[in-house]
Amino acid sequence: MQPVATTFFFYFLSGITLISGILVITRKNAVHSALALILGLLAQAGLYLMLYAPFVAGVQIILYAGGIMVLFLFVIMLVNLERAQKEEQFNKQWLVGLLAAVALGGLLMTVYLKGSTLFTEHIAQPVENSNTQQIGVMLYGNYMFAFEIASLLLLVAIIGAVVMAKKRI
Amino acid sequence: MLDYITSYLSSNTTPGQAGNVFWALVYIMVVFGGVSVAVMAMNWLERKALAHFQIRLGPMRVGPHGLLQPIADAIKLLTKEDIVPSEADKFVFWLAPLIILCASFTVYIVVPFGPTHAITDLNIGILFMLGVSSLSVLGVVMAGWASNSHYPLIGALRSSAQMISYEVAMGMAVVSAILMTSLNADGTGTLSMIGIVQAQQAQHTWFIFKFFPLGFIAFGIFAIAMVAETNRAPFDLPEAESELTAGFHTEYSGLRWSLFMLGEYAAMIAVSSIAVTLWLGGWMRPFPNTLTGDTWDLVFSLIPGFLFLGLALIAFIGVARMPKHPYFRIQTIGLAGFGAVLGLIGLVLFAPPVRDRIQDIFWFCAKVAVFMYLYIWYRATFPRYRFDQLMRVGWKVLLPVSIGVLILTAIIGVLV
Amino acid sequence: MGDQITKDPASFISHLELDQPDKTFLDSNELIINMGPQHPATHGVLRVILKLDGEKVLGTECVIGYLHRGVEKIAEHRTYTMFNPYVDRMDYVAAVSNGLGYCEAVEKLLNVQAPPRANYIRVILTELNRLASHQLWLGTHALDIGAMTPLFYTFRDREEILKIFEKYCGARLTTHAFRIGGCLYETYDGFEQDVKKFIDFLPPKIDEYEELLTTNRIWVERTKGVGKISASDCIALGVTGPVLRASGVKWDLRKAQPYAAYSDFDFDIPIGQSGDTYDRYLVRMEEMRQSLRIIRQAVERIPEGPIMAKVPKVMKPPVGEIYHSIEAPKGELGYFIVSDGSTQPYRIRVRPPSFVNLQALDLMVRGQLVADVIAVIGTLDIVLGEVDR
Amino acid sequence: MPEDTKSPTPPSGQPHAAAPAKPAAPATTPWDSPTVARLKSQYGSGVQESVTYLGQNYFVLDASFTAEALRILRDEEQFDYCVDITATHNPTREKQFELIWILYSYSRNERIRVKTNIADGESFPSSISIWPAANWLEREVFDMFGIKFDGHPDMKRILLPEGWKGHPLRKDYGIIQQDQEWVQINLGIESGQ
C-alpha cells in the first residue's frame, strides 16, 4: 500500500498528540484529563502505523487505550471528584518541574538541530508484511530473558496489588 | 478516470490493498449502509422472533407483519426530545454514544465478506478488530460517569469490569485460532482476516474442527465471551432492566439512545463475523472439499437465489392468508410488493456473473445470521447471571480453559 | 418450631444512618442507592433504600405507604356489606382470598354458617385464585431474574382462570365473588366442565414452566442459597405462607385451623429445607399442583343445595370482636373486627401477609448482592396494595 | 341468630367453620386454662378478664405488667408467633386506647388475644425484643393512633408520610380530613380531595 499524504498526517497526528498532552495537565476534571490522554495515545498509535509498525499500533490501542485507560477511568470515577477539583493543581515542586521540562526541551532541540550531523543518513527499510513475525522472533528469541523478567515483575505487581486491596485473603 | 475505476475489477484484491480510493469509498458506503440495514432487520427480527418464542405476535401494525416497524422507530427516536440531565457532564455525555458508534462501525473495515470483498486487508486485521472494539468500553464508562447518576454509574462499572474480563479469555481463544494458521510449510501464521480464511482453505478444514475438540472448545469460549462482550442476555448485567433500570444508558433518550442501540447491534454483528472468520471458514461454502466438482459448485451457487425465492414464496403465502377486507388492502399490497422485491432479487441472483460474485458474501452473511439468531434464542431462554457469578465464569472457568487450549494447540501444532 | 430466638432482636431491625459524614478523597466505597418507588422490579411503589459497599448490600430500609388508601378508616364508615368490595382492592391479584377471609370473619361475628355448597364454591374459586396468584408471581419473579419467557406462558394460562371468574361473577380481577352468608351467584351452566377442563389443562403447563426453570443452570445459580432465612427467624419475624414453609415449617392454616370446606379435602403441605429462594420457588410450584388436587376433589364432590344462609338484610352483629384468618396465597391473612352492635363495624383491622413478610427483606438480603435484592423482593411475593392498604 | 336449619343433609364432609362451638346466641363465657391460671397466680386481679367469645380466647390485662406478661407468654407458654399488634380507640372511656396483641403458638396450634387499656398520651414498652415482628406493626399503631412505644429503635411513621399531622384511625379524625398544610407544601396542590 502506498502511503498517502504522509507529511500532512505526520503533522496532524503530532499536533493532536501535543494538544492532548497539554490538555492532560491543564484540565481540572480528572475524567477530562484521562479522555485527553486516550486521544493522545490513539494519535500515537497512528504515528506507529506511519512507521510501518502496525503490530505496535494495534497493541497500543488494545492495551493502552482500551485496557489501561479504562482502568484509569474506573478509578477516577470512584474517586470523589468534587474534592479533587478544589485542591491546588500545582504543587510545590512546580519550579523543579519547570526546570526539568526546560532541560528536556533543550536536549530535544539540540538533537533536532545537530541530529543530521551526529547521526548518519539512514532510513530503515520498512518491512510491512513480516513486521509482526519479526517482533515475535525478537521477543521470544533474542530477548527471551528480558521478556520473562518483565513478566515476572508484572506478576509481583499483581500479587502486591491483590494483597494491598484485599482486606482478608 | 474510467480506467481507474475498471482497473480495480481485474486486480483481484481488496480496494484498500489496490489503493483504489473510488472503490474503497464505494465499499465503505456499501458496507456501512448494509450494516445499518442489517441492524434494522435484526431489530425487527429480534422483536418478531422473541415474540413468537413468547407466544405473542410482536409488531403487526406498521406495514405488513410490522415490516416497517424499525423505520417507524427510527423516525420516532429522531424526532424525540433530546434530554440532557442538568447535572450531567455535557461534553462527555455527548461524546459517549459517538465513541461506541464509531468503535463498532470502524471494525467493519477489515471484515472479509469474500476474498476480495473487504474494504481493506490489514496484516494485523484481527488485532485491529479486537483493539477497536475494545474501545467501546470507553464509551460505556463515559456514558455511565457523565450521566451523574447512581444507576448508570453502577451499570458502567459492571460493564467495564465485564468487558475487560471477558476480553482476556476472548483474546486467548483468538490466539489459539491464530496459532492454527501457522500450521503450514514455512510455519508462519497470519493476523490478517483474509489470511486466516485462506489458511483454513489451505488446510482443508474449518478451524472449529481442527484438533478436535481443541478448536471446538476455543470456539465455544469465544462464543460465550462474545455474548458477554456485547452485553447481551444472559450477560446483560450492565443494562439489567430489573436491577439497574437500563444501566449505563438510563439517562439517554431519543437520538443518543438510538446510537447506543445501533452501536450494540453493529457490535453484535462484528463479533459474530470474527467468530465466523476464525472458526467457521469465513466466506467458504459448506463442504468445499468433499462435495467438489462443477455440479456441486453450481448447486451451491444456486442456493442464494432459491433462498430469496423461498422468502418471496413465504411472503406470497402471507398475502394469500391476509384477511379479505378493504381495511387490509394496503397491507396486502405492501406484502405482495415486498414478496415481489424478494423474488426479483432471487432472480437476479441466478444470473451467472452476479451469482459468482455474490457467493462468498452470501455464505458469510448466512453464517453470521446463525449467530444473530442464537443471540435472540439466548435472550428468550436464559435468566440473567449475577455479577459475581459472571466474573467467576470469566476468570475461573473460561480463562484457564482457554489458556489450556492454547498450550495444547501449541504442543500438538509442534508435534504434528 | 418453638425455638428460642437466639439472635439479638435488634439485629432484625434495619435502620440506616443516611446522613453521610464528609467523604475523604478515596473513601467513597459506600453508596446509597434509592431503588424505587418507580422501579421495574419493585412490583409496584415500593421504595427500598440500599446501602451498598460496591455491589454488596450493607443494609436496607423500606419506605412504604405510597399506595395507602386508608382501607381501615373507610371500613368504619361503611356497613358490613358495603365494605365487602373494598377488601378485593388490597391484594388485587388474590382478590377472592381476601373476600373469603372477610366474609367468613363477618359470618363468624354474626354466628352464621355458609351452606356446604357455598363453601365448596368458595374453595374452588379460592384455589383457582391461588393458582392465578402463584402464576403471576412466577412470571414476574422469573422476569426479575432475567428470564422473560415464563412471564408470557404464565399469563397465557392465568387467562383461563380469569375467564372462569368472569363467567362466574362478571369480573376478572377484583371479583367480589362472595357475600356475607354464602355466595350470591349460583354456578353458571358448564362451570364444572370448565373447571375440570382447566385442571386437566394446567398440569402439563406447570411442567412446562418447570422445564424452563427448575433445572436451568443459571436459574439454579441465581436462586440457590439466595435470601436464606431460617425457620426460627421466620417465626420471630412473623413470616407466613410459602416463605415459612420453604424454611421447613409444615404449617398451613388450611390444615392447622381449617375454614370453609378445607377439612373435607386431602392435600399435602409442601415444605422446603434450606429456606432459600430456590426452595420457595419449588414450594410454590408444588402448591400449585396441590391446589389442583383440591379443586379436583371439590368439583367432584360438590353438593347440591342452597348457596346462601339466612342473613338479615340489615346486619347488626352483636357487640363483640372476632379475629379470623385464612391462608391467602401470600400467607396468613387475618381480619380483626370489632362490632359495637351497629350496622357499621367499629374497627376493622386487616393483618396483611405481604406487610409482615416484607419486614424480613432486610434480614434476607443483608450481606448479599444488589441482584439478590431483586430476587428476594420477587420471592417474597408482595403486593403493594396489600402492604399499604 | 339464624341458623341454616333448612339446608339438606350435608354430604360426605361436614362443612367446617372455624368456630368450634355453635351457641344459639353468642355470649362470653369465662375461659379457664393453665395459661390463665399461671397469669392469675402471678398477677392476681391484674388479669381483669379472661374470656372466650365465639370460641376465641382473650385476656384483658392491666397495662402496668402487660409487657412482662407478653414475655412470659412467649417464653413459657410457647406463643412464639406474634400475629398482629393493633389498637382500637374508644373516646368515651377513661383509658381511650385498647392495645391488642394477637398471638399464636405453633406447638399448641392455639391463638389468643391479649388486650390492655392505656390512656391518651401514654406510651407503652415496645415488644420488639420479644418478637422482632413487632417492628412494623408497632410503627403502624403509632402512625394510625399516635401511641408511642418505648424502646422501639425506629419509632416513626410507616404508611403516612413523615411530617403528617394527625393520626387517622382515631375516632375524632374525620374520614375526609387531611393535613392540608402538608399537601400544599409537598404536593403543590390546593387540596388532595
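Note that the chains are named A, B, C and D in the order they appear, and that numbering of residues resets to 1 at the start of each chain.
Rule of thumb we're sticking to: a residue touches a chain if its C-beta (ideal position, glycine included) is under 8 Å from a C-beta of that chain, and two chains touch if they have at least 3 such contacts.
None of the values given here were measured: they were computed from a predicted structure.
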Which of B-C and C-D has more C-beta contact pairs: C-D
Chain whose Cα centroid lies nearest the overall Cα centroid: C
Interchain centroid distance [CA atoms averaged], chain C/chain D, Å: 22
Chain centre separation in whole Å, for chain C relative to chain B (CA means): 45
Distance between chain centroids, defined by C-alpha means - chain B, chain D (Å): 64
Between chain A and chain D, centroid-to-centroid distance (C-alpha), Å: 73
Residues of chain A touching at least two other chains: 78
Complex contact set, residues of chain C against chain B: 31, 33-34, 39-41, 55, 142-149, 151-153, 156, 212-213, 216, 218-219, 221-222, 369-372, 374
Partner chain A, residues of chain B touching it in the complex: 16-17, 19, 89, 91-92, 95, 120, 122-124, 127-128, 130-132, 134-135, 137-138, 141-142, 144-145, 153, 156-157, 160-161, 164, 167, 188, 191
Partner chain C, residues of chain B touching it in the complex: 50, 53-56, 150-151, 154, 158, 233-234, 236-237, 240-243, 245, 379-389
Touching residues (chain side chain D, partner chain C) in the complex: 1-4, 6-8, 10-19, 22-23, 25-26, 28, 53-54, 56, 75, 78, 80-84, 86, 88-89, 100, 102, 105-107, 109, 111, 113, 128-133, 135-137, 144, 153-154, 157-161, 168-169, 173, 175
Residue ranges of chain A in contact with chain B within the complex: 1-2, 29, 31-32, 35, 38, 54-55, 57-59, 61-62, 65-67, 69-71, 73-74, 77-78, 128-133
